[in-house]
Structure formats: structure tokens, C-alpha cells
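For reference, the structure I am asking about is given below.
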Amino acid sequence: MTHTTSTLQLPEAPALLGTKGWILFLAAFITVCAVVPVLNLWVPADSVFHMSDYAVALVGKVMCYAICALAIDLIWGYTGILSLGHGLFFALGGYVMGMYLMRQIGTDGNYKSNLPDFMVFLDWKTLPWHWTFSDSFLATLLMIVLVPGVLAFVFGYFAFRSRIKGVYFSIITQAMTFAAMLLFFRNETGFGGNNGFTDFKRILDLPIATPAMRMTLFVLTGWALLMSYLFARWLVQSKFGRVLQAIRDAESRVMFSGYSPLPYKLTIWVISAVMCGIAGALYVPQVGIINPSEMSPANSIEMAVWAAVGGRASLIGPIVGAFLVNGMKSWLTVTAPEFWLYFLGALFIGVTLYMPQGVVGLMQKLSAKTKAEERV
Amino acid sequence: MLQAANINQFYGGSHILRDVSFEANLGRITVLLGRNGVGKTTLLKSLMGAVPIRDGNITFNGEAIERAAPYERARAGIGYVPQGREIFARLTVEDNLRMGLATQPAGTDIPAELFELFPVLKQMLHRRGGDLSGGQQQQLAIARALASGPKLLVLDEPTEGIQPSIIKDIGRVIRMLASRGDMAILLCEQYYDFAEELADDYLVMERGEVIARGLGSDMQRNNVRQLVAI
Amino acid sequence: MPKLQQRSAACRDFVVRVTCGLAIALLGQSSALALTAEQTRALTLGDTDARVTALQKALASPDAPTAAFLQAMADDAVKVNGTQVLVVRDGKATDPVSGDATTLPDTAEDVINNNRMRGEIDAALSALQLLSPDAALRVQAAKSVLKEPDPTKLAMLEKAVASETNEGVKKQMLLARAAILLNSNDADERFASAKTLADSQTPDTQLLLNQRLSQEEDKKVRAQLQTSLLTIQAALSWGEKLGALFTGISLGSILLLVALGLAITYGLMGVINMAHGELMMIGAYATYVVQGLFRQYLPGMFDAYLLVAVPASFLAAALVGAVLERLVLRHLYGRPLETLLATWGISLVLMQGVRSIFGAQNVGVENPSWMSGGVQLLANLSLPYNRLIIIGFAVFVLVGMTLLISKTRLGLFVRGVTQNRPMASALGVNTARIDTYAFSLGCGIAGLAGCALSQIGNVGPDLGQNYIVDAFMVVVLGGVGQLAGTVYAAMGLGLMNKLLEGVAGAVLAKIAVLVFIIVFIQKRPQGIFAMKGRSAEA
Amino acid sequence: ADTIKVGVLHSLSGTMAISETVLKDTVLMAIDEINAKGGVLGKKLEPVVVDPASNWPLFAEKTKQLLGQDKVSVIFGCWTSVSRKSVLPVVEEMNGLLFYPVQYEGEELSKNVFYTGAAPNQQAIPAVDYLMSKDGGAAKRWVLLGTDYVYPRTTNKILRAYLKSKGVADKDIDEKYTPFGHSDYQTIVADIKKFSAGGKTAVVSTINGDSNVPFYKELGNAGLKAKDVPVVAFSVGEEELRGVDTKPLVGHLAAWNYFMSIKSPANDEFIKKWSAYAKAKGIAGHKDKPLTNDPMEATYIGINMWKQAVEKAKSTDVDKVIAAMAGQTFKAPSGIVSKMDEKNHHLHKSVFIGEIKADGQFNVVWKTPGPVKAKPWSPFIEGNASKPDEPVKK
Amino acid sequence: MTPDLFEEGAKRLATHQARVVSEVTSGDRSAGFGRVHEPGSLDLTHGRILYLEDVHVSFDGFKAINGLSLDIAPGELRCIIGPNGAGKTTMMDIITGKTKPDSGQVFFGSTIDLLRHNEPEIAQLGIGRKFQKPTVFERLSVFENLELALKTHKGVAASMFFKLNGTQRDRLSEVLHTIHLEDSVNAQAGNLSHGQKQWLEIGMLLMQDPKLLLLDEPVAGMTDFETERTAELFLTLKGKHSLMVVEHDMSFINTISDIVTVLCDGSVLAQGTLAQVQADERVIEVYLGR
């Protein structure tokens, strides 16, 4: 046995994106930054090419959801940790943004007070402590990252340190968001109770309900989504990503290989939470309301459903899933308001039965098949 | 008892079993040898129906069973000791053995001779299967397969992880079962000396094909040890 | 309207008894004035004040027709047509004064008794029983006087006390007398009453004393009122504590029922069954349907409908479960997370299906009459029958399920198959069939839970959604696959929730329970009944 | 276009479907009826039904769609306050028109919304007045029990202020909230029982949605009789009682501006129409047992007034219709002539107190002498005194 | 492993053994005065790399380990045999931090108390383990499995920016070759056969380059030929690393063993050369059989 080992072809680290990938990415980038704005703002409303405000708002919203789905995929698809509480991080990001937007209303509210209307109504004379930084945009940006991030860190640190796994983890995340929802429902908590925040007027002192502002928010969201995608891709392709997958498959082996799973899990958990928080912050000014129902357990489950429909453990899958599910929902609630749940339910069942890897998995399979046929 | 003809098996695109044919007869021990990864386990699984075969025929007791479900094959009288033990981890040892009686009428008792053979099982009757040590689990797996008194006993590396004295016992039992004449035994084994000692017939596999076969008594002469090694 | 018929039959019975009782009691009283048409008008027409005055007047000289008429009023069986007053029972009108049958004019309108009027009538009716020959009725009458102590009843009460021979009854009557005299103008009488009433340790007495206290000027009486109140409060606090305990157990039993089915479909089989709640819903709707059928076809046996509804709800849910297992879940074993997605879809479809068939609104499920009411253990502690029955039912389901799973061959196969499907199959177990049985069993038990829930809560398309989170919490907190854990978790959460609710209110209690779950899992990452050792990893 | 599009924005799925679905059918019925009589301005009405699925942001999105894509002339929709709050900025921005048919907490007045349900002074305050009266039981102590969200919280805030103005001490008021979907009222009912030992007590229930059935079942269970501790509810109507065995509840109260049991020709006709419609359309539940309730009536009044206003304005232009709505009147099923206030976008309404009967209907035991004008800005809330009683131009 | 590597291994072994002897004999170095000991680094001055004393573990009252004391010298290859259920795997669980003993001491070198460390820390200290049931990352490729096991900084940030360098690549190819999985570099580990997984796990251990290797039945399910190869491999490692091998295959033990420890009922039953223990009546009785 004297042959040299150098002839062995070891796999190289893959590029962030392939050529085709970069082309698609660029196309998506241009669509978001140029095509949509032109179609919406400059193409006349009666043209077939005009993209309506409604459509822009819808796509903007779904892009926020897509970021969440991507975040879920990182933690679930790659690390094998199913969170049923990501709605909380999303909502927290949204609430931070909402607080800022509430402050921006200034004295234009119903009660002409400096305080948000609901506080006036509750006879509060001053802002509660947790509203301290809400009038600064910069602080808001910081808090959008920090609030979900710190909560995720604390929660995750204890949970992962206690080696809570599988459904036990899922259930406590659900308990977490459920408890937060009940807490936020209370008026005393200081977040507007059940109604939450709405009727925003300005952002950065600019009116919020102008076509230009809407488009700005849309483009920002598009960027956020694309950047999240790139970032996630970079993460999962690094060795870090492979350790995550290893944790998913055999955590004890990972430990006996000298990796402490705690910091790994915690890192991806916090990253995932922060992504959701950012999505929430972008979501609120676009849909115009944030309230505790975003924290309902069902909402978080739905996020997982988007990821699953699109296909877990592929990054494009969850994005496709978010668009597919929410697109169908928006469309069917109008065209078949009384029957849409049948269709949506059937979609979920169908996907699990016939596309175990999700929609994207199916597409990959099909394209692999055609390629194989081409080769033959 | 069991005839397999031209079995082909694939995992995804790769061809794992290529036209494998052999038979196992009553009262005889057929030993299956081959290096790691040549497809021995795959072959046994195919016999059990755990993985449906692509093509080929399997006849057991004169009946074609290649399309039968695994449980039907078990009911026809095939007992299986899988590689990796496959103990019901959260069932007690007793319940594991009872699972082995699934093909028997309800209320059948666990044959007492099993406990003579593997006394440790009696001691640990109420412990959970998953808590046993590796070797104890292996003993349990064998006992479980024997519980129903199969006509064909398929063993996938039964000595793996078992202490020498018990290996000897297992060897004696296998011999005894075969010599009673009402059971065929198909034994897949890496422990060459053990295999050679027991073999009435042998088969050697290589890359999914049977490359040699013959009588157990000829193994030494045919230099089978070497065949398996290279 | 079978239920109503029955009820009015019961009422008639009662009327007869009352009337006889009165007839005997009043035999010697020749001064009794007969009920007049004028009186019936005064009792039914005009504003409540006037009617109450008329009632008190009528009570001063009661006779049998008056009692019967009051009973008719209490039963909402009186109509007026202009100034003509009629008693209408089962569609037949009679004249209250003469008792003769008359025709029922189309224009007759119901006499509406508001709460106050109804209260007065009930009190009057029961006061009339102070002289009943039946001691139990007399006690009841005395109690009702104590509840509504009004001075007009004093004369009647005194008479009753004078002729009373039964000590127990007499004591009650004296208490009632004290209740009336508590508001006397004479401070000494008030004082004596307050003292006497300390012996009557009921919330009603508490209310009386409190009411008096709020207007009492006399220092001595005030002090006695306060002492008496303290005595009563001390006596009642036990009932409160036991009551809180009972509510906790009751909630626990419901949580247990809700979680038991899931303990099979999820705990044993590993199907993250998001449609579990909808299977409960199916059980509840099955109960509703059975109830409807009984009402339509077997009105006489309405009270027995639950006996049919229990198996029906089990079967309905089990059947749906079997279909789901065969069509969908079968293909998903070993992919637990995908079962989440599929069953989520199933739950949407089932919910909307029920909306399409039964409508989006809730449907009404009536308790059989033997489930209403309760056992009065202490003055302020009564355990409602329906809660008790549900606790019993939960125990019954639990025991049945435990025996089935741990003692039978089917149970063994279920456990074996769910742990290692290929191996079970290789040992000769028809895993496909066992899977279907096991899943149907879990679903059937969910159906039973639905049947139980229909007796205490909503039956509507959302029924399941309200319980699904709780169900998962219980199963997981107990330790997946650990039946005993499920029991502990259900009871623990139930008790904790209720004890906290008494202190912190429902919302904070719920939050606290959720936080507790999060913290508890930190200490016990595998639930209460964690499996230890190697087998847990396998 | 040769039709006038009408948006219907009620949840047909999710938690609110229980209440809202029937309002969608009410709108559709009214549209059928209007179309049968030749439509509006010679055009047929065309309903555009969407399902916002009890999801508040989705309400806003669907509103955008109805106004922006479908170009509906008016929207009938919403039940919960939060859904209305979600829709509000959209209708204001896009200058749409929303008819909101449910009793609510007030504290709002939008130019683009007509409120056909009750403001607190048209429901809550008269109900408390009644309970304080001799006939109502002369209650001295009060339990304010609600679901934990803004409508109950606001209503109770107003009631507390009102009760205090009537001399009720704080210790005689017990405010309690339960989470949405709360289903175990054992503790609450036990607490009420205990509280009621301290003086004649009445319960004001602003429990909403699914919790009502378990609450009432528990009341029945615990033997808390109406004549001892009456409960008056603001969100329990005929439809909610469909799911309850009402026999133990006889005598408990509800305050509304309409009851199905009200005797008036207009109501007879309304019920007849609804029954026929439910049967014809096979509306599940209602085809066997048709029920009407207050929000249905409010919806029905709303759409008819809108039709009259369009005819008066001779246009569906939102601003013109808004102007024409002022002072519109309609012979309401509740038996009064209902009038849209000239200024404040709320209806003048009579208030009825009904007691629950054994058959799930209500006996009206008290009513206001005449229609009451709405006060969306409750005088019992600080700072409202100076608020103009009409929408402010933005 | 190429023959020259084997030679090199043998040489290293010789020197190492020589050193061990001198360490044990010369008392001067084992006295700790003035010894510079860096925290975290392994202190072998007492001549043992692993040291267990009077360890007890019970599961629900069943004493799986019962007063076990044992030590292993640096560079030693220790074979452990013993009946099924003797507690061999449990002992490894204790050493690697998976199971906490009820009482007793477990030291790595003379300063590191293993009971104070968790699994990853113990692994990083230099104890590698092969499980009785082969455990690999089923959904990663063979290559990725090895890459993850590679001895390198194992923190989060390091992983994010990790790139294989030349040396590491060479090492990886070398190991791949040693474990005969060159043809399966890109294969999913889950799809390997049982024996292949055994090899892969050994390969991962090699990549980890631990000071002490715990091998639980490494040749179970391997052919005799492969068993021999494994023996060679272990012999090469011996000296440079310390090894603790649990096996039931006597011929394998025979090829590799110096000292054999026999465990029974949770404590040491006998210890000595294979010949010695094989002659021990008690060992024949409970383990070898007649």
C-alpha cells in the first residue's frame, strides 16, 4: 500500500452562490429595487403592467413572513430545534417599532396629548419606563435587535443549558409566547392591550401613508429578505452550519467530538430570533397594526408551517413556502371565502404526503430527473 | 425450506444485490460470509421483506413470499435476529419476549428453555430492554426470535458483542436447533471460526454477488478465510 | 318540547301537594278569603310595586286557589287578555278563580315577571309551606324566609313556631324569625337576633348581617353583628378552601381527559396531532347529534341520551381517526414533524367542515337533568353533579385506557409497534392494523373528552382550538409516553391554576402557570416522569 | 359599471366566525331584498365577500383590497374593536366608508365610519341604572366581569366612574378579567358567591365570545339564581344562548337595543324575512332554528340607511353619502324609528333590558322611554368633555 | 496507514515506553516541587493518564459499577474484558461525563478531576470515545463527519470562519485512507454499512487526535481481516496515545494486549497478561466459558 494519498479528491468548500445563483439573486434584487417601484409608482394605474398598492403591500407583508420562515428554517431545518414561539420575537420587533411609531404620532391623537391615546385613556400621566427610548429612531433600531435578541439569549441560555430538547423545547417556547400574549393583552402592561398600536401617522417625521414611503418600506423589506438569505446561506455553508446539522443528527457525538452544543444552539437561536424581530419591525409600518394576537401560539405554528411547506433544510424552500401559503391565503379568502380552509388544509396534507421535502424538494427532484434524462 | 432466486436490490441508484440465489434447508446451517458492506444485511432484510426487492423470487415452504408483508413472512415461520439488535427499548425484557410471541395464539407462555439458555434474561425480566448492556440486548434479540419456534431462523451477526462463554452457548444452541431437524438456519457471521465450526453450507458474498459456495466441511480446503479477507 | 312537558308535570304535582297541605293546614281558618278576580288582576297587571303590594295582601289570608294561582305565576303559566286573567297549562286555559276551563283568546299575552316579582312569588309560595305537614318542606320554607326576611311574613312565622313540635325545624324557624327581627326597631331585639344568627352559618345569613351592619347605628348591636359575622366567616372558610381544592381537581380532570387521547396519538405514536382538538370537537358534535335524535325520537328517555352519546362520541371520533390514519398518517410514521403539518391541515378541514354542516355558531347541548344540581357538603360548598361525574368519567377513561395499554396483548403490540415498527413487523405483528387501532383509540378517547366537554362548555367549531395547547402542555409536562406523568401533570396544573386564580386572578394565574411550566422543564427536561438511563435515548 | 359593489368584511373562519358569519348573511339578505326592489339608483348591488379570518392585520389588508382593487362603495364589517381599529387607518386614508354594527366602547369618531351598534351610554349605563332600581334588585355591590381586552376594560372604566358618581364605594366594586377563550369559571363564580354575601350584588358581564357558554353553564351549576345575584351581559344575545341550556339561567339579563322577542310589525317582518332567507339559502343552524339578534339588526339598519343616503345623494361618492347619512331615519325592527345622528355618526337607539327565558329568548322587562343619543366620548372619562360631538377634519 | 507510518509508530512506541519506565522508577520527577504545570495541560508526572478510584454507580438500586478502581499509564493500550453487563460501557460513560457516579474519583492525569467537567470539555481535554453502537452524523457526508471531528478550535466564531488548510487536508486524506472510505468521501454517513460506520467512527477519533482513546467494541461486526487491520492501527497508536479497548474478541485482544483487566459485576475481577487472566478460574467461570 504505497500509493500516495494526494490523488484523493477532497471536496472543496462550496462558493456562497453559484453563477446561476448569483444571476437569480441579482434578478430578485433588481425586481425589488427597480421593477416593482417603477410598476407601482410610474406605470399608470390603468395599464396592465401597473402593480397596485394592494399588491405591493401584500408582497411586502409576505416578504416579512419569508424572513420569519427563513429564521425558522435555520433553527428547525438545520439545527433540529422546533420553535413554536417565534411569533413572540416577530411581535417584539414589531412592538418596538410600534412604540416608535406611536411616539411619532405626537399630539395628533384623539386626545391631543403627548402620550399615546391609550395611556391618556388609562389616566397615565407619564410614559412608563419601558417607553423611555421609544422616541429615538436610532434607539429603536437598536432595540429591534436587542429586545428579541436578549430575550432569546436568556431563554435559550437556560433552556439549552438544561439540555431541553425536542418537544420539550417546543412546548416551552409555546408557553413563552402564550404567556407573553396574555401579558400584552393586559392594559397594565403598557402596550395598548388587545388593540395594540395602530393608526400610525409618521415615520422619521415623514408621513407614513404616502406612496413613496410605502415603496421605501417595500424596498427595505426586499433588501432585508435578500440579505437574510445570503447571510443564512453563508452560515449554513460554513463549518458552523455543519456543526448545527451534526447537533441535529447526533448531539451526543457532537459533544464527544469536543464541541459544546450550548454556544452553537444559542448563537443560531439568537440569530433566528433577531431575524424575526427585524421582520416584525418591517411588518408593522406596512400593515399598520401590531397587537398581541401576533403572539398567539397558532401564529407561531403557522410560521413553522410555511417553512415545512416550502421545504426544510433548504434555504429557498421556506421563502417559497411563505409566498405560497400566504399567497394562497390572500387569494382564496377572496375567491372562495367560505371554502378556502379546505384548499389550504388540502395543500398542507398534500405537501406532506407527496412532497416530503416540501415544494422545493419536489422541484429539485424533478429537475434532477430531467437532468438525468438529458444525460441518458 | 427457503429458496431465493436472482434477487436484485437497489438503494436509490446503487445496485446492492446482484442476482443472488441460494437456499437454506431444514436441519442445516447455512452460513453467509462476506466483508463489510457487501450486502449481507441487505440480503437478509430482503428475505424478511423489510426492504421490498426489485426482482427475483423467494419461496418459503413451497410458497412464493416475495410480495408478502414482513409480518406475513414472520407468521409463515421465519424468525429474525437483526443486526443492531433492535430491542424495544422502552418495553421490559418480558414484554420484548412477548412481542416475539406475536405469531402465537394469545396467552402462549414464554418458553422456559429460553431462560435456561440466557439466564440473565430471567434476572432482568422487568428491566427495560433499552437499559440492558449491549451483549444482554443481543441475547434478548436471539431469545425473542426463538420464542415463537420458527421454521427458519435468520441471524444477522448474533455473536456481535457477546462474551465468549455465551457465544459458545449460542453455538451449541444453533447446532442443537439444527440437529433437531425441524428448523433451517441462515447465519450471517463475521466471526469466522464460529461460522466455520457451525456451517453445513456456506456462501460468500462480494459486492452484492455470491462468489463462492459449498459445504461447510470444505471451507478450510477452499480457503474461504482468505476469500473473506481480501 | 318533552322537557317542558315533564317539567310542567312535576309542577302540577307540586301544586297538588301544596294545595293539599294548605287545605289541611287552613282547615280551621274560616276567615280565609277566597281568591277574587280583582286580586288576580292586581297580581298580574300594573307595575311591580303594585303587584308586590297585592301579593303581600293576598298572603295575609291565603287559600288554596291563591296558592295554585301563585304557583301558576311562578311557572309562567299565566296570561292576560285585556283585563281577563287566565291560567294556561298545556295549551288549555282555566279561570283561576273558578277553576273552570275557558277558551284561550289569540290576543292573550304572557304575564311577565321580572326577577323581583319572581323572587316575591317564590318567597310567598315557600312561606305558605311553613305549616305544611312535611317537616322537610317546613325547613325549606323557614330557610326561604331567612333568605328573604320580610316583616309581612312574621305573623305567619310566629304561628308556625308556636305549633312546631320538631326541634330541628323549630330551630330553623327561630333563625328565620331572627332574620326578620334583625331589622326590628328595637335595638335589643336586633341584638338578640344578631346573636342567634351566628348559629346559621350560611352565606345568606352573612349577607343579612352585612346588610344590617351597613345601616346599624347602635354600638352594642354593631359589635354583636361583627362578632357573629366573624363566627360565620370562620365556619365558612373551610368550605372555601375545600371548594378551591375541588375546582382544581375538577379542572385537572378535564385537562386529563383532554390530554389522554393525545397521550396515545402523540405520547405513544409520536404523531404531533394538531387535529386532536378537532377530534374532541367531533365527539362533542356527536353528542349534540345524539341529543337531537333523542329529543326527536325518544323524548321520554331524554335523560338517558348520554348513555348513547358516550359510545357514539367515541365511535365517531375513532372512525374519523381511522380514516385519517389510513389515508394520511400512515405515510408519515417516523417523520414526526411532518405529522404536525398534515394534522394542522386536517384540523383546518375538520373545523371548516363542521362550519359547513352545523353552522359557524355554537350548538346547544343540554345536560340531562340528573347532571344538574349538586351535593351540598357544607353551607357554602356544593359539589355540582356534572363536575363530579366528569371527574368520575376521567378516572374511568384513565383506568380503562391504562388497563388496555398495559395489560392486553393489543396494548403490548401498540407499544411495540410505536417503538420499532419494522422490528414489530418482522416479529409477525400486522403493524398497519395496530397503527390504525392505536390511532383510532387515541382519537376515540379525544371524542370522549369532547363528550365530557359538551357538558360544561361550548360546542362549536372552535372547541378544539381552546384545548389543544393545554393538551400538549399536559402530555409534555408529564413526560412524553408516560401515562402516570400525564395524570400528575393534569392534576398539578389544574390545582395550581385554580389556587393561583384565587389569589391573582385568572389572567395572571394563567401566565404564572405557563411560566411555571417553562421553569419546571428546566429542572426536568424530560417532564415529570422522565425516563432515565439508556432506554430514554433509544 | 352597472352594479354597485358592496364589501362584506366579516370573519368566516377563526375565532370570530361564531359571531360574524351570520352578519355576512344578513348583509347578503338585505342586498337580495334591495335588488329585488330594483336596486339602488337603478343599479343592482353586488356583494364582494371576503374572509379576514379573525386575523386583525388581514382585516386591514382586505380593506385595502376591497377599496383599492374591487372599488367597493361601502363596506359592512368588523365585530371586534381591534379589527375596526385595524381597518380604520385604511378607510380614512383611502376615503372609504365602513358600517360597524356592534356595540363597542366608544372613544372613537371617524368621518369614514358609521357606528350602528351601541355606545356605552346606549347599553351599559342604562343597564346599571336598571339594576340599581328597585325592580332590578337594588344592587349595592358590583362585580364587573369581562374578557381581558379593550371593550370590557373601557366599558368597566366608564361604569366604575358612573357607579362612583352614584355613591358606590370602591370596595363594593370587584373588577375581574379572564383571558380570551377562558373556559373554567368555577373560581370566578365561587368568588362572586362569596362577594355577594357582603350585600346585594349584581354582575355586569362583558365576557365576550366563547367564554360565555362555560360561564353560564357554571352559573347554572353553582345555583346562582338571577333573583339572588342577577347577571347582566352586553355581549350575550339570542345567538350566544343557542349553545346554552337556559333553564337554570332564567331571569339573568342582557341589555341590547334589539331583542328577537320584541313585538313590532317591523320585527315580525324582519324575522320572517330572515327565516325565509335562511331556509332558502340553507344557512346551517339558522335553517332549522332561525334567530335574529342585535348586531344583525344593526347591520340591517345600516345597509338600508346607506341605501337611502345613496338615493338622497344620488351618488355613491363617499363624501356625498356621508353628508346624506346625517339624519337618515329607518323603521327599525326594534320598533322605533331609528335615526342617524346629524353629526356624530352614531344611531339614536332605545335601550332594552331583557331577562332570559327558558326557551333562550328574552323578556323585555324595561326599556328607555325613547331613543337615546349616543355619546361616543363618554363624559365619565377625563378630558372627553371638550371633545366635539362630530368627526374632526384631518 | 502506510508501512512507514507503522514503523514510525513502533519507534515512537519504543521511546515512549522507555520514558514511562524511567518516570516510574525515578522518584525525583514525580515529586511535584517546582513543577511548572499549565492549567488545562495534562499532568502525567504520576505516571498515569487515567485514574479511577472506588467508583460506584447504581441505576434504580442496581449496582452497575461497584467500587471500581483502575488506572492507565500514558501510552498504554489497556484491554478491558468482562461479561455482558459487567459495567464496561458504564465505566466509559463515567469517564466521558455522560453518567455521573454516585461516589468515587475519576482523574485525568493527576490534576484534572473529570467529574467537574461536562462531555465537550472532557473531549477537548483529550479523551475520545467510540461508542458500542456506532454513532456518526447520519445526514452528513463521510468527509464532513471527519472534518467536524478534526482537532481544531471548536468555538462558534472559529467554526464560522473555518477553512481547511493544507495540513489538515492531508491529514484528512490520510485518515480516509486508513479507514478505507476513500471511495465514499461524499457518501451520506447514514447509508454506510455497519462495519463501515465502525470505521468511520474510528476515523473521527483519529481526526480528533485525543490523548486517551476509549474504544467500546471497535471490531464488533468487522471481518477477521479488518479486525487485524484494526489491531495494527491500534498498535500504531499505542505509545503516542493511551488506549482503552473493550472487546469480546479474544483473538483480537491477544494481538494487541499487554495488560488485560477483567471487569465483573462492576469491579475489577482480575488483571494481568491475557495468558494470566485466561488461566484464572474465576474468569473462565464468568466469562470465557469452558
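Labels for the chains are A, B, C, D and E, by order of writing; each one numbers its residues from 1.
Note that contacts are C-beta pairs under 8 Å (C-beta built on N, C-alpha and C of every residue); 3 or more make two chains touch, one makes a residue touch a chain.
Keep in mind the model is a prediction, meaning the values are calculated, not measured.
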Item to check | Innermost chain, taking as reference the mean of every protein Cα atom displayed | outcome: A
Checklist entry - Which chain's centre, taken as the mean of its Cα atoms, is farthest from the centre of subunit E? => result D
Checklist entry - Of all chain pairs, which one counts the most C-beta contacts? => result C-D
Checklist outcome for this item: When centres are defined as mean Cα positions, the distance from subunit B to subunit E in whole Å is 31
Next on the checklist: Centroid from C-alpha atoms only, then distance subunit A to subunit C, rounded to Å. What do you get?
Outcome noted: 46
Item to check | Rounded Å distance between subunit D and subunit E, as computed from the means of their C-alpha atoms | outcome: 75
Checklist entry - Counting only residues that touch at least 2 other chains, which ones in subunit E make the list? => result 59
Next on the checklist: Multi-chain contacts only, two chains or more: what residues does subunit A have there?
Outcome noted: 182, 185-186, 252, 338, 341
Checklist outcome for this item: subunit C residues touching 2+ other chains are 351-352, 356, 465, 507, 510, 533, 537
Checklist entry - Once bound in the complex, which stretches of subunit A touch subunit D? => result 52-54, 57-58, 61, 110-111, 120-121, 123, 182, 185-187, 193-196, 198-200, 209, 287-289, 291, 293, 329-330, 333-334, 337-338, 340-341
Checklist entry - Which positions of subunit E touch subunit A when the two form their complex? => result 2-3, 96, 98, 118-121, 123-124, 128-129, 131, 135-141, 143-144, 147-149, 151, 154-156, 159-164, 169-170, 172-174, 176-177, 182, 185-186, 204, 208
Checklist entry - In the complex of these two chains, what residues of subunit A are touching subunit C? => result 76, 82, 155, 158-159, 162-165, 167-168, 171-172, 174-176, 178-179, 182-183, 185-186, 252, 297-298, 301, 304-305, 308-309, 312, 338-339, 341-342, 344-349, 351-353, 356
Item to check | subunit E-touching residues of subunit A, taken from the complex the two chains share | outcome: 1-2, 5-6, 8-11, 13, 235, 238-240, 242-243, 245-246, 248-250, 252-261, 263-264, 267
Checklist entry - Taking the complex as given, what residues does subunit B use to touch subunit E? => result 11, 34-37, 41, 83-84, 120, 127, 131-136, 138-139, 157, 160-169, 190-192, 225, 228-230
